[in-house]
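A, B, C and D label the chains in the order they appear, each numbered from 1.
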Amino acid sequence: MNKSRLEAFSDGVLAIIITIMVLELRVPHDPTLAGLWPLWPKLLSYALSFLYVGIYWNNHHHLWQAVERVDGRVLWANLHLLFWLSLVPFGTAWMGENHFAAAPVGLYGVLLLGAGCAYYIMTRVLLANHAPDSLLARALGSDFKGRISLLIYAVAIALAFWLPWLSGALYGLVAAIWLVPDRRFEQVLAASVR
Amino acid sequence: MNKSRLEAFSDGVLAIIITIMVLELRVPHDPTLAGLWPLWPKLLSYALSFLYVGIYWNNHHHLWQAVERVDGRVLWANLHLLFWLSLVPFGTAWMGENHFAAAPVGLYGVLLLGAGCAYYIMTRVLLANHAPDSLLARALGSDFKGRISLLIYAVAIALAFWLPWLSGALYGLVAAIWLVPDRRFEQVLAASVR
Amino acid sequence: MNKSRLEAFSDGVLAIIITIMVLELRVPHDPTLAGLWPLWPKLLSYALSFLYVGIYWNNHHHLWQAVERVDGRVLWANLHLLFWLSLVPFGTAWMGENHFAAAPVGLYGVLLLGAGCAYYIMTRVLLANHAPDSLLARALGSDFKGRISLLIYAVAIALAFWLPWLSGALYGLVAAIWLVPDRRFEQVLAASVR
Amino acid sequence: MNKSRLEAFSDGVLAIIITIMVLELRVPHDPTLAGLWPLWPKLLSYALSFLYVGIYWNNHHHLWQAVERVDGRVLWANLHLLFWLSLVPFGTAWMGENHFAAAPVGLYGVLLLGAGCAYYIMTRVLLANHAPDSLLARALGSDFKGRISLLIYAVAIALAFWLPWLSGALYGLVAAIWLVPDRRFEQVLAASVR
């Protein structure tokens, strides 16, 4: 079974998710800069989600370069990930519209946690299909970043009902952790080529 | 005629269908968890349709790996399938907004039946292009799952006007039948490689 | 310059056009079959446009299989075609919402005429890049279907302000002409392979 | 690391951006030609943005044909460009709805300037990965068009608050400059192929 259609389909879904979020940035009636100002929480929320979907695309891209074997369970593990990410536009809009209020910030964290767990599950399903000394296994390693992200999401969800802004800052922190490109795959892949 | 553009176009349409359905999950005005609660029928409806579109993508992916030959009739059989699936977001929204009321649940079944018949027609058109001992013919076999699904959809549509919740459960049952990955193609394809 | 990205981009745009039109099929408030009934002009309009975009995708697919050479002018000729097609969802919605009234039916014809001319221009630009005995030139031939379609569109636009329903029937007629798969390319391509 | 998924993902995002803008062309209630007339600023705004996204796709297509090497920084430079372009539908809608008023025209220029800078940054990141005598370096050359465009955008933004129509004309001028296909890549690539 080849992996290229899975990659193409995932690219399609991620491209749509990252783009339709902008439809929530409704045009203000007032055609002045003052009319634009109240949009800042929505724009901030949009930028954060753009970053997250970008990170997922990036990581997906890196991870799947090392994948050698696909089966039906992997397809569903990938669709499970896309399901959580498909809800991100909803969470983004709710959070942006309500100026980062408690419940929307908490829900946003739940969506990130769901996507994070789905990504983790996908890597486990893939590892079960690959030898322990495969490129994939070596490149994933202990997946420290993946584990610590899940922990921070959980803390941020708990905090959301007292200090939603701190939760928002934690989401930004996890994004920053991932923004540093994941050198593991590049190094292992580079080493394996000639 | 090569099949890769047909696969790419189908992936694009399915990716858009699966993603734009989320636009119907309108953000509640009340920024609390209580405000989120009334969305559950829409979310359930969305999740069911996500599952169905995922199943179609999965089956399409498996089926087309075994396809060796494409002609103009196959292109239209595929577009016919995409037409029915393109109406799923409409059916999903109507069913979710009306708490699984009779007519929307019935319409949803009609859309599933339409898509199921279109898929069946597509397999027949493909089989007419392939030898009886081709990979495709052997992998499809008697297509028991496909036939039983059509029957269950028909029963569910008839039931919708008396017991819409039972119809909904039947839709879930068919999804569960398909969620089990379709091993036929994997086995036949695996056997044919080396 | 390779043609695969042009095909992929065109597939993406056509997939989105064909799918977002369904967003105009707004869910009725009345959850009964009676509530569904008034949607029929919108559904008919949608089905006609789905057919047209499907035809364009089909023809594009066939045409580009024979293309050997791409340059900057071809990219723009293709984008010009996509521009007209991108307005089809607008025309579809206006025509469906107004029960095939005169002006919307006329506008729909203008969009079809625009897309038809753009397709014609694209074939001329491509022919200028290919030898007179190339696959492309032989497969296109005199392009009778393309020319007659433009003529029918022009007649239908003129008729729209007196007999909009006749115009609509003419649009259906042109679609029927094209629905018959374009054997020219299949024959010429088949003849050229071994 | 291969570049094809980056190209596919960018194509997907650009295809969606170019297509969803049309959703802002809301259907008029009045089903007459007179009802269509007030849409002209929105249509003009849409056509300008279609042209700009088309130009970016064209240039992206040309540029990436010469790219030989991709790393994590390049992926982010590309996502940065897509971020600015993803805001174009918002700017387009605001400008079209307000008949090219000062603030919307200024914002549109800011988005074009942002996208232009992001494209410039992406070329610099790519050049850092390629030898000074690589195809990419030779094809980009001094990038005069890219630099002059940024300057014109800056002037147009400053002018927007006094002479918004002149700013709009300048945006059209830059589009015209780019509409002439970028022969640099075609020439250098052609020269490099046997």
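We take it that a contact is a pair of C-beta atoms (placed from the backbone, for glycine too) under 8 Å apart; a residue touches a chain by one contact, two chains touch by 3 or more.
Since the structure is predicted, the reported quantities are computational estimates derived from the model, not experimental observations.
Look at the contact of chain B with chain C and you find different residues on each copy: under half of the numbers used there are shared.
Fitting chain C to chain D on C-alpha positions gives a rotation angle of 90 degrees, to the nearest 5. Taking each chain's centre as the mean of its C-alpha atoms, chain A lies 26 Å from chain D. Averaged C-alpha coordinates put the centre of chain B at 37 Å from the centre of chain D.
Within chain A, contacts with two or more other chains are made by residues 8, 12, 15-16, 20, 23. Those residues of chain A lying in contact with chain D across their complex are 7-8, 11-12, 14-16, 18-20, 22-23, 25, 27-28, 31-33, 35-36, 47, 50, 54, 57-58, 61-62, 65, 179, 181-183, 186, 189. Chain contact summary for the complex, chain B toward chain C: residues 1-2, 5-6, 8-9, 12-13, 15-17, 20, 23-24, 71-73, 75-76, 79, 82-83, 86-87, 89-90, 93-94, 97-98, 101-104, 106-107.
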